[in-house]
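One structure is given below, represented as structure tokens, and several questions about it will come after.
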Amino acid sequence: MAGSRFAYVRDFELPDPALPDVYLVVRIDGKGFHKFSAAHNFAKPNDAAALELMNCAARQVCSELRGDVVMAFGESDEYSFLLKKDCQLYRRRKTKITTHIVSLFTSSYVFSWPSYFPQTRLLQPPSFDGRLVEYPTAKHIRDYFAWRQADTHVNNLYNTTFWACVLRGGVTEREAHERLRGTVSAQKNEMLFSEFGINYEREEAMFRKGTTLVWTQEEANETTTQPAEDVHDGLVSSPKGSQQNKRKVKMKRRLRTLHVDIIGDAFWLEGTAALPATA
Amino acid sequence: MAGSRFAYVRDFELPDPALPDVYLVVRIDGKGFHKFSAAHNFAKPNDAAALELMNCAARQVCSELRGDVVMAFGESDEYSFLLKKDCQLYRRRKTKITTHIVSLFTSSYVFSWPSYFPQTRLLQPPSFDGRLVEYPTAKHIRDYFAWRQADTHVNNLYNTTFWACVLRGGVTEREAHERLRGTVSAQKNEMLFSEFGINYEREEAMFRKGTTLVWTQEEANETTTQPAEDVHDGLVSSPKGSQQNKRKVKMKRRLRTLHVDIIGDAFWLEGTAALPATA
Amino acid sequence: MAGSRFAYVRDFELPDPALPDVYLVVRIDGKGFHKFSAAHNFAKPNDAAALELMNCAARQVCSELRGDVVMAFGESDEYSFLLKKDCQLYRRRKTKITTHIVSLFTSSYVFSWPSYFPQTRLLQPPSFDGRLVEYPTAKHIRDYFAWRQADTHVNNLYNTTFWACVLRGGVTEREAHERLRGTVSAQKNEMLFSEFGINYEREEAMFRKGTTLVWTQEEANETTTQPAEDVHDGLVSSPKGSQQNKRKVKMKRRLRTLHVDIIGDAFWLEGTAALPATA
Amino acid sequence: MAGSRFAYVRDFELPDPALPDVYLVVRIDGKGFHKFSAAHNFAKPNDAAALELMNCAARQVCSELRGDVVMAFGESDEYSFLLKKDCQLYRRRKTKITTHIVSLFTSSYVFSWPSYFPQTRLLQPPSFDGRLVEYPTAKHIRDYFAWRQADTHVNNLYNTTFWACVLRGGVTEREAHERLRGTVSAQKNEMLFSEFGINYEREEAMFRKGTTLVWTQEEANETTTQPAEDVHDGLVSSPKGSQQNKRKVKMKRRLRTLHVDIIGDAFWLEGTAALPATA
């Protein structure tokens, strides 16, 4: 066949499988988003539409890779996707998994731009880079997401105070940095409240807590008009003593968009957002 | 600092540098493009607008990474990018390089879709996956691109004959596959000519040869109205004996879009498209 | 400095750190030991001296790397070493860890040969190869060692029956293989008992169960004459109600050589051999 | 089969192939040889017997892996082995190659100890660690070996002067370090000559140049009594004009032990030691 004498070059493609039975986290980051957000006049300190566009793109990734991506967390221009331990996507080839997620996210971001910025033309194609990290246990996964949310808190409290000083306090950006240098959280909270009448705890939860996407199981309500992301059959037991009364109910998997604390135990141990897959 | 007790999770991000002083090739592939092209009614066997959109996205990658990406080759829903041996992009971290290129390509593809398909709404966000391969020498690079172009030839000759049978010959797709099973190139050429009056060698070069993007150096013509991709200063000697007469000329690097043979020596050894960086 | 223009070649030494917080298992295998054991007239089916020499070399590895190697298991010409999850040896560089263990084992094997084979001159330097495997959880570690010990059982039962047929039954090796083809364990046990009067369960435990090396903590008995591998101080509580009576006792870590079942729970959950480090 | 439910643990053994068609260099280093050489009273600044034992162990590696290891260079307690570009040993699995070489070297070192130190009992098993580095071109290989030999020169000139000061000049080790701090080569050469009557260039070549092992092709002399490492058939042309007179001669590959300059061109371009495999 034509070309067969060149086919040896394929041998240079080396395998890169992830370790079996570990959690995989793919984190993507906006490339040059400082400039990108300036060019598109994103609001300061947070642009709700821009964050919702990020969430929309992330939901697209979760839906496309349902069954593999079990959770996601986003803040600013970054998003982290958690793949279950026994994920077999691309036979766990790391580069394939990572590039597919980065590409799908990017594609959805550009695709959905007009829905979130109907008045603002996209001036140039944005890009994201990505990385894949392996984590052995559920403990590491909790700490990973806690790390990201703690980062959200630190950055957002700083930025909220900084931009309050600049936009409302009328100081220069340089002066604002100077004022904040070395301050701790309590001082920033106090500045916000006493100088600008801002109760930080009442700021929008999406800004303070970032966005968490999780799958939940719900009994399908046949009269609902909201489309479920995923529907499958399940067995639900009736009350004790009536073993024969088991009935088949449609269960729906829904992808929830939450802005809640994921550092404490509550998110992980109870309620609708519990993650059995990570136990 | 808040979150510092979680920061240990960063230690799980392991290094993945490429070997120094080897060529890097990043190849991207459309994910599920059979379905994607059907959904958007791409012409068979080749859709010129779809290929030109791929070329446009690839040009965006080359321009963004000028100085690092020295050549690219595309066919169908794939594109290969050659990075120079001493590329220091992202300190040669493989995943960063690969994801950035995949993301930028994807982003540009969606961004530029309306320019190439003004009448066709993009129905869903397309995605691409990518891989990075290391090649030690210029010989491997030549053979790599020869391998891809030989693939272009084999596939395009098959597809051209197949769709001639179906679209003009009125046979079913199954029947067309049957007829072509086991035929060699000469037989397909003969079928095309005798049955459908098609001289394969006169088919569009972009279909037969794929698309090659290369940077060329040209003396800037101040009166040109065509914008150069890149302009820099260079010294050009005047004729011997007039050392003092050196004059400064503007040199332009231009990104050329070619549809030529890259298997033979000519492309590599002579002419405007020569690649000094791969010598 | 002389040589500095060549020093760039160091940049080709790429990092290879193990993932943090996973167990590391280094397994070594004799290279060409079929021929080596024939050349040195090792007894069939098992040569006790040869196995004890393996154990001796493995003990040397465990002692040298005490604090990092928490357990080892050997059979035939292979040995597996378990490194604790938080092992920081060589900053977890995989090749360094693996080569050091392989080298130390090899060195000790040759060094100690005369002690186990005083009458047999070592004819040529034996060699071993090694590999390093990462395991995320204690469950994987138990299954790893169960896998090796199950292998010991299968191989040893086969070899014991095979050599009984050849050495006592007077059949050729080919005939012995034929007889055993397709037999299950019960049939081999029965053959051994009815034809050769061998009760397999009474064969030497080292042959049937392989050898397990573990560290145990014991209260140092000052009058003991047996040298401890390691001695350190620890606090041992006196009975309830006498908090003030805590006394300081010398604790000794001893490296035990066991030939016991490590597939069942007992070894892992109770007794002196329990492995707190793997919990 | 017994154990099959545990066999999944094998899936954690990940592939680690070297890139095709690049040179592989395995370098081994003595572990704790400062202490080891003190314990065995190695002569200062160089112990000829200790170096010859290193060379002996390296020759054993070269002979065992003839056809794959094409050259080696050693100094002090380190040795580098060059494997040819198309080496297929262990299907180029990096850890297998590295551990086998480290193990064989170690084994030979201990095995041959009594031949080089007949009066000195080996007190403890020495060990070596190893690393494998990939180099794309012959240029890198020349620079690699130049780097090692430049290191030999710098270290040996320092050590020769240092120990001359201590052993003949009667100063303490601390004082000797002080005297040498900041001196360049010319100053050390001058000190050696003027204070101790030592002409550095006449010091033993093995100390100054390290040891290079290479394979050479020689016409077999049937009457030779020296055993060849390797003998094979080859065709040698007779003088021009007598094409029909080609005769078959036995060719011997011999492993030469050299102490020559390998930084300059001569070693690489001419003479018996030329390395066609690295061209």
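When the chains are written out, they are named A, B, C and D in that same order, and each has its own residue count from 1.
Methods note: a residue touches a chain if its C-beta (ideal position, glycine included) is under 8 Å from a C-beta of that chain, and two chains touch if they have at least 3 such contacts.
Quantities reported herein were computed from a predicted structural model and do not represent experimental measurements.
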More contacts between chains, B-C or A-B: A-B
Which chain has its C-alpha centre farthest away from the C-alpha centre of chain D? A
Could you work out how far the Cα centre of chain A sits from that of chain B, in whole Å? 32
In whole angstrom, what separates the CA-based centres of chain A and chain C? 46
Taking the mean of the C-alpha atoms as each chain's centre, how many Å separate chain B from chain C? 54
Counting only residues that touch at least two other chains, what does the list for chain C look like? 8, 12, 19, 21, 134, 140
Under the stated contact criterion, what part of chain C meets chain D in this complex? 1-3, 6-10, 12-13, 28, 31, 60, 90, 94-96, 98-100, 102-104, 106-112, 122, 124-135, 140, 143-144, 146-147, 150-151, 153-154, 185
Which chain B residues qualify as touching chain C in the complex? 8, 11-12, 14-15, 17, 19-21
Interface with chain D, chain B side, in the complex: residues 19, 21-22, 134, 136-137, 140
